[in-house]
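Down below are the structures I want you to see.
In the two complexes below, chain A is the common chain; its partner is chain B in one and chain C in the other.
Coming up: the complex of A and B.
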């Protein structure tokens, strides 16, 4: 895939799940911002629900400004809903449960009424933090199944972000998410760490059983990216001279 | 030898002999494309029904949209039935039994997309095993030949149970492996897949490595790995029980390929494995030092002949000296030097005793 057409425009489509994994040295925040704000700018009535577990709304507000999206107006017109997942998740109890968070998302999506003219995108950032907070892996994987089924029922597209802390050895939750996902955007650092010119690499895989339409990028032929003020630029390996 | 995979995936003829098909995926490689092919093949061939039970994967991941809408395919999309998250969660077991019993009398193929999800939802290994065993019995006792197809994600505690002869005497077990596994075994263990190496030798090396799932995962997800989602895969087919021709064979195990474009194929026709079949002849000898010299090292024919006539010093060692004409055997031949005083009359005269 050429770097000029990355990331692909229709990723994810409604009823698809895009799993974004990143590592500590190569966070994928830029992909989330790009996904949300490009979605809002693309279609006039497009809607977006951002459920943030460990993030901060001020960052979203700041990035919206840099990507020329009127954050306050989107909030006011209900085109953008920002949900603090921790307010709904019941993690303080003896056996933490995510059912209340699921119900809150269900209510929000049911109210959104996604249709082809007004596609809805649900972003959950991030699912690993739910497990780190003490929710059992079984509970988080069931939550992921339920959320994905809900999005398919309401014709919404779903983006899940998962932090990888054991690169090369998928943890139990990632095993489950890899079975569920339609597409997997794999953001990982250079083996020599972050450099001034190249901040990381990105690959695109499909989930199991998917007869996908996007051109895939393997890890060995990954594109490289460099963060800018308003997003990132992508370039093929070894062609950094064009952007540096 | 005809490949086994196409006949396993085809409908009714195989179902007569092999009522149980187990499809095993792993994190390193999924074999869901085989389910897609199985559903696609049901449209051609003898009329029958496919009952597709979706517990984890959406129906679109298991079959083409045109097949899903076909009247031969009944889809039970239970992906939204998640324990704790569905308002009225009901155990899927009874409903599966009633659907199978209520299916038409034609040959039936029951496909369960994820028995490990079923195990996780039921919560008990013994209850899951009991359910699957009863389901297999119901499928087996139908009037028309029917088949049970289960898809499992390794590692799972169900796999050793489902592959036992106690569960089902006849079994078709199809396991998906990533291409990286074969290239790794060829380079690290110097054992390329058959026909490049002897079959027994290959299985002896392949089977222990393939059973260690973390090895395949490391090859795919580790450093130097390509990542998941490869469209071509290697398929290990194990068939236990009688085959179509009625010939009883114990267990047959073969390695075949699956191409994203062409479906079942021979391993040798997979593009990514092409490098394994060309044998690279290693040039052992270095450059010849007798070439390109300014003088002649060769011998003329006369010189060759003279050289051949030279007796080699130790060539006849150990053989009795029949050809020698010496009269004295074991004689000492002594040449005195200037310091010696040889007097034949009294040899000891010069001694000062």
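Coming up: the complex of A and C.
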């Protein structure tokens, strides 16, 4: 895939799960912002639900302004719903459960179903932090599976973001998510460290048993990107494209 | 009068004391950590509503605590409010550094003069004309100019904060001390609850409350009870959520040394901590590894950056504006810190001259001096080697033990032998110039 056609349009499609993994040196926030705001701009009746575990609404508001989306208007018209996941998940309990968070998401998605033709996108940001804060791996992976089932039922597309803290050694939760996903966007830093011109690299893999309609990108031929104030510029490796 | 007028922002007057607008984003207000070089790395300072995590995994030093003390001292000096969360908050506050007595500008100037004097020796070296006009090479950022003194004061590690300053600050309600280990239901959750109460009260009182610095010198130390990794994660996550809700506060947190290691928190622990705080750096001191301190003798440890604050932007403002990291021009610089008698600085780390040799060899090569001394002692040493017993009776520093004398004699023989030859070889070298000739008729083509 060339840099011009990235990120591919219509990724993920309804009833598909796109897993985005990133590392501390190369956070994938820009892909989430792009995914949500491009979806909202795509069609007039598009709807989006963002459930964030460790993010905050301030940056969503700030980035909406930069990507020319009227955030307040979207909120008022219920086209965009921002949900603080931690308000519904009591991780401090003896045996933390994510059932209440699931119910909250279910209610929100059901409310969106008033217009069945409206393309709906659900974004669940930072599923890894739930595990770090004491929710058992089993509970988190069950939750992910339940959310995906919910999305298929309600004809919604799902984006899950997971942080990789041990590059090269996928943990159990990541293995489970990889089994579940339709596509996997793999964002990773340059092996040579931070650079002023290149902020990281992106590879696109397909999930198991999926005949992908999008052209995949291997890790060895990963696309590189540079962050700007209002998004990212993608380019092929090397000095091609007149970017560097 | 020129028709061009400089645009002045009306916001500059409304910024609270000791803060300024971030160079990267007008909606972000930053405050100083008290260390100019750390401010530079953070992109101007620590933004309000953000948390900074300083990890210092070395158990033999307390650089993490030192950074916290700078953070508190700067808050006191700038007239901001401070909340120290620790069981020994009083002692911690009393140990903070302070600005040197006398006017601030003078001391800063005096310090710089001292540095210049040190460099005078180097300045005498004749520099090639094409490099003479170049700016002097700097490894760190200068201390704040006088106009910005309120933003970041110049602290002196040899000065302690006066009792009177602390007493007045306590009287004015500038200092809040939260005891960690009070009562049965103590622990991270209760502390977060207390802090939420304080912040909510602030927000209730006025619409634009004074900035509050939350300082936690050792989160998870024994005073906090038996904390697990999950509790630390929950606390950091909760703290960040609180700060976002009440954006007039910022926090600086340190962990005790043993909690800063992956051996305690499991694999990926440092990365997890980095994700759960806005900015996180590691100060890994050399004290545990003598080979490192020998290699980088002018520094005391490495600085590793894990994450940097960007509360309103995609790109941390540090990427654009940090001089020390130097990302605007090329790849990221390696950073190291050193703690001098008066201040703590973070610098760019370079290999020394001649690939890692500690001292500068710009003076005449040392081997010529050695040769001269060898020439002088040439006559005296062989005689002592030949009849050691005589030398010992004549010499002022006589050694009584005979076996050692013999050994010493053997040593001197082995050492002096090459010395006898060296002057001759040096003499030869200076006389005969190297010649390279090409002979086509010989089997070995080059003749030297």
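We adopt the following convention: the second predicted complex is superposed on the first by the 237 of 244 C-alpha atoms of A that agree within 3 Å, B and C clash if a C-alpha of one lies under 4 Å from a C-alpha of the other, contacts with A are read in each partner's own complex, and residues count from 1 in each chain.
Simple rule for what comes next: a contact is a pair of C-beta atoms (placed from the backbone, for glycine too) under 8 Å apart; a residue touches a chain by one contact, two chains touch by 3 or more.
In this text the structure is predicted, and so the values were computed from the model without any measurement.
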item	value
Clash or fit (per the criteria above) of chain B with chain C on chain A	fit
Which of chain B and chain C A:5 touches, first, second, both or neither	neither
First (chain B), second (chain C), both or neither touched by A:210	first
Partner chain in contact with A:170 - chain B first, chain C second, else both or neither	first
First, second, both or neither for A:24, with chain B first and chain C second	second
Partner chain in contact with A:100 - chain B first, chain C second, else both or neither	neither
First, second, both or neither for A:186, with chain B first and chain C second	first
First (chain B), second (chain C), both or neither touched by A:152	first
Which of chain B and chain C A:91 touches, first, second, both or neither	second
Chain B, chain C and vertex chain A (Cα centres) - angle in steps of 10°	90
Nearest-approach distance, in Å, of chain C Cα atoms to those of chain B in the combined model	15
Common interface positions of chain A, toward chain B and toward chain C	169
Chain A-touching residues of chain B, taken from the complex the two chains share	25, 27, 30, 32-33, 35-36, 56-58, 60-62, 64, 79-80, 82-86, 114, 120, 153, 214, 217-218, 221-229
Of all residues in chain A, those that touch chain C in their complex	23-24, 29-30, 33, 54, 56, 58-59, 62-63, 86, 91-92, 126, 128-129, 132-134, 163, 165-166, 169, 192-196, 227-232
Contact footprint of chain B on chain A as seen in their complex	15, 97, 99, 102, 138-139, 142-143, 145-146, 148-150, 152-153, 168-170, 175, 178-180, 182, 184, 186, 191, 203, 205-211, 216, 218-220
Chain A partner contacts - residues on chain C that touch it in the complex	25, 27, 49, 189, 229-231, 233-234, 237, 240-241, 244, 247, 267-269, 271-272, 274-276, 306-307, 311-315, 319, 325, 327-332
